[in-house]
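As written, the chains take the letters A, B, C and D, and residue 1 is the first residue of each chain.
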Amino acid sequence: MTVRYGIVGLGRMGKRHAENLALRVPGAALVAACSPVAEELAYARDTLQVSGLHERYEDLLARKDVDAVFIVTPNALHPENIVAALRAGKHVFCEKPLGMDVKSCEMVEAEAAKHPRQKAMIGYVRRFDESYEDAYRRVADGQIGTPFLVRAQTTDQNDPSGFFVRFAPQSGGIFVDMSVHDTDLVRWLLGAPKALRVFATGTIAVHEGLRACGDIDNGIAIVEFAGGKSAVIYASRTMPHGHETTTEVIGTTGRLMVGRGGNRNRVEIADASGIRTETTPTFYERFADAFLREAMYFTDCVAHDRTPALTLHDATEATRIAVALRTSLVERRVVDIA
Amino acid sequence: MTVRYGIVGLGRMGKRHAENLALRVPGAALVAACSPVAEELAYARDTLQVSGLHERYEDLLARKDVDAVFIVTPNALHPENIVAALRAGKHVFCEKPLGMDVKSCEMVEAEAAKHPRQKAMIGYVRRFDESYEDAYRRVADGQIGTPFLVRAQTTDQNDPSGFFVRFAPQSGGIFVDMSVHDTDLVRWLLGAPKALRVFATGTIAVHEGLRACGDIDNGIAIVEFAGGKSAVIYASRTMPHGHETTTEVIGTTGRLMVGRGGNRNRVEIADASGIRTETTPTFYERFADAFLREAMYFTDCVAHDRTPALTLHDATEATRIAVALRTSLVERRVVDIA
Amino acid sequence: MTVRYGIVGLGRMGKRHAENLALRVPGAALVAACSPVAEELAYARDTLQVSGLHERYEDLLARKDVDAVFIVTPNALHPENIVAALRAGKHVFCEKPLGMDVKSCEMVEAEAAKHPRQKAMIGYVRRFDESYEDAYRRVADGQIGTPFLVRAQTTDQNDPSGFFVRFAPQSGGIFVDMSVHDTDLVRWLLGAPKALRVFATGTIAVHEGLRACGDIDNGIAIVEFAGGKSAVIYASRTMPHGHETTTEVIGTTGRLMVGRGGNRNRVEIADASGIRTETTPTFYERFADAFLREAMYFTDCVAHDRTPALTLHDATEATRIAVALRTSLVERRVVDIA
Amino acid sequence: MTVRYGIVGLGRMGKRHAENLALRVPGAALVAACSPVAEELAYARDTLQVSGLHERYEDLLARKDVDAVFIVTPNALHPENIVAALRAGKHVFCEKPLGMDVKSCEMVEAEAAKHPRQKAMIGYVRRFDESYEDAYRRVADGQIGTPFLVRAQTTDQNDPSGFFVRFAPQSGGIFVDMSVHDTDLVRWLLGAPKALRVFATGTIAVHEGLRACGDIDNGIAIVEFAGGKSAVIYASRTMPHGHETTTEVIGTTGRLMVGRGGNRNRVEIADASGIRTETTPTFYERFADAFLREAMYFTDCVAHDRTPALTLHDATEATRIAVALRTSLVERRVVDIA
């Protein structure tokens, strides 16, 4: 059985997802695309040979030949887009986050509960990265004993132009926009413990323009979970060398480090500056394979009627912690989650 | 335009190539397969939906719907398989090496010269690895000044069962079987200088069974090229930790190292043994992406009528040097190539 | 001029310092030693040829031939030991920490102010490590722009016997005992900003025996400083692989990492477990050179009447932050320092 | 018992050795120095408080208060300097190499045989480096099974001024001057097998001035030993990043790599160029500790009447192989040693 997809949103990430669905995911077909931007629809038609082109989301949802919807719209639209797809009887894949506040996440969860045969998954892509999968398996195998602390970092290379500053007001802030990946990873690797308290702080190191919307470009945080587990999180938009996502899982008998250095490939350069490796410039070079693998995984779940291991509730919890981090930052206090 | 492939040979590597052509190479279709083994044809039919199944190569070549042939047969058959395909009007991709002796290589070159519109390329897969491409580009950009020395290593994890020993008599010996990858890389990275002299030696460190056919399990060699360029080559079948292919390019102002350590992914493990990374178990995990990229490259050459940068003559030269290494080993002397 | 030392305390660390002073520090002589333990005095006499042996500290202080006192007594005794030495007219080197509470630190500072010609320095040894010196110099040179965040880690290899648990009640807790090194480093590398707030938490991952005295074996913390600077601190007594002290300094245009991996030497091992390096088993192997260098530095300050760059006030501030971390842990709240 | 040294030669390396003997080697005293250069003798007197200053070597040898001679003279003088010291009844430490040809080495060995109670050792300093000692011990412990191949590299940072070119005619050529360290290491790590054949080649990559004396700035070589053991050697004077001495020992069940990267300390730098470490600029920063340790070892041998494990014969063999490499290079042929 081929899973026939309609994609919603064809911006930079939307295009990448669309190409995977159209060209690289076995058992998937991209039959429809929705965008308010004419050029984006033309791209879908001309480059990917997508026949069903729609300006309005409801038209795409109305198509009988669409089994599943792939949502790559602005974050604020995710909850309503998902609900609409579920009500139209479609399976749903949606880019992270599920929602930018807990209430909207829970609303989607409630709706999904009414459609138990439809698959719904949020794209926490790192879970599908080969290295993270390996780390998760080692933890699950007991190779590091009992994991009790995760140190997680998502750091982007500085964009001197500060282009991203203009989007900061809609981003939900650095913790909701970036660290939500880490709040998901941390829960996953620690065995989904209940989050209890958070403390966050940070600074504007470079981009003063963030001050107007109360955001920062470097944030640090601690999350306490039940059972004596905890996490340290670091997010930065000002790294000098590239995108570096690292996650360290510390257990009672071993420690795993994923992704240190973020080397872009297997080339090491010796020159007058010493010996060096270059770093992946953006998250995309780092996780390109994982994006493909998550689409393959979801397609497989739909095709074979399997429930994704990554649940909507996981996505709700990732948002819950990230939102608490933002509250802690803004209100300058420890925030109790429980 | 879709390039329609017929594949010849469906052993372990043949299956991997077949899957790439059938599922992952945009613009490629796998329409026919040839194998003397019934199970292999059944695999092509059932797993890859290949419709044209043939026991005899000439039947596959006779098909009008096959644009290009993908040859993954035993090394000794490569020359005749390529010639037959060329004479049948097909484009030809063939796994390395072109041939196991220089004469048969030159015979194929001569035949190909009669079919200038047909593409023919030998699968020196490393040239299509992202890291090697990056290294090549840096060299070409002059980032290391003038390259004058390459140190190249192809080392396989030891198989305690010594299973490979039974194939040693047909392999051409460690230099022709393994180092031919390195002789190609070395030429490529040094700018295709003319090989002048070689000296090779080696030992049986583990697998005494190799002695009967005059082969070794660890070989070292020096190759001198025109213009003061040279190479040091190491091949081993007895590494303890995994497959490790490394290539160091030394220039007048910089040095590049490709592939050191051969880490299988981005996970680092700290435990009672220290801090470690695991290594890719075989060449396949190391070069899986490169195998896909070479098939994409060749498909693109065929589809757009472009001549592959990797020529049959390159493949002849790679064999020429590798054969000279074997001669040096066996005859215990410096061998003049020029 | 030779600086004549009397050492107080000849336990494990005392012996190491004594050996440095007696054998390895140019311009230093170890002329007297004080210990209540007969075997320790015998060691000083027989192994290091120390002639002046004392059971009582006041007797050592009364010696005219002692220019400077080297204090390696239990932490709780540091303040009174230092004050007595200052009053006896001696220069004073004392192992870290200056004191286990801020009040006693400030008392010592006040006393030292009355003896402006006598040198007094607390042994924050990492400042004298060649790598930390290099990092500090790079920061001072502006190589990473403005430093704004330090992530510091002091982690010891797990002792399965839990021997250290019995000393935990007197240690001041993990933050005062271990992280005080980090609170000093962090201030040093960030340019001595004023600490404003801290938040700390942690867990008992392995050693349940710590619960009785309210201590933990893994602690994490955030420190906020004036000017938008901050630090993340991690202390652990349960690492699987060895002692690993790392310090990451993040600036607006660069990042420095000191000490990652803690490799014990320059040997890399490839075997069936992959490729690995072993780690320094304890802090001593990691910092043996730095212990020597700090003694050389202090000796030089005394001999040439130079004021140590590392002041008693620095040591007071290191304690101040560490004590606040403990308070935050115990009282489960953010602690305002300012 | 204190070992009283007289040092001969106070050039750059001589000064370093002198400082170690005068200040840092327990149980050693530097009582006399010999140099034809007045400034060097003044240095010994003023900086190191050496009382016995001599322009003529025989005067130093005539001193009754000198137990051992430390020879740091030009390589060509080593044999006669050693013989004279032995005849004067002194123990002898001499910088490498023992001699620049095999005959002179054997002459010294013969002389030493007549003075069995006097210690004589050549300073193959790498054997005293902590990492090499660790590697050697692992090999001896059987941790890598049977070692059968060593790949050794001595590479210096390029000096764009080409200052060294003027000394090339007296250096013995790159293999005798630099690789003699490697020929010694290789024998040591492989268990002192008998060398059988060598092949060497190389090029002038940068310093054309070497051509006049038949030398090169980059050399590569293969050495075959009895028992199927072998070595690959690389020497370079043109590295872009610093001095990098690496030695890889390959055994039947494991592999050791010593010194890769040559990082100067434990600092890692991330900036716009990627993530990098700087390299030790010269061999001295790399081996400063080992120079001290070899002096301590030799002093200990003299003081306790123990025969150094590193024998004159080892030094003869290191020269024998290095000279054969030069012959192979110059005569462009395989050289039989046996």
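As a convention for this text, contacts are C-beta pairs under 8 Å (C-beta built on N, C-alpha and C of every residue); 3 or more make two chains touch, one makes a residue touch a chain.
Everything quoted here is computed from the prediction, not taken from an experiment.
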item: Contact-richer chain pair [A-D vs B-D]; value: B-D
item: Candidate from A-C, C-D or B-C with the same interface as A-B, over half of contact pairs in common; value: C-D
item: Chain centre separation (chain A, chain D; CA means) in Å; value: 56
item: Cα-centroid distance, chain B relative to chain D, in whole angstrom; value: 42
item: Shared-contact residues (touching 2 or more other chains) in chain C; value: 144, 239-241, 253-255, 269-272
item: Overall pattern in which the protein chains touch one another (line/ring/star/complete/other); value: complete
item: Residues of chain D touching chain B in the complex; value: 144, 146, 148-149, 151, 197, 199, 201-206, 218, 220-222, 224, 228-230, 232, 234, 236, 238-241, 250, 252-255, 333-334
item: Chain A - residues contacting chain B, complex; value: 23-24, 26, 130-131, 134-135, 138, 143-144, 253-260, 264-272
item: Interface residues, chain C side, partner chain B - complex; value: 239-242, 261, 263, 269-279
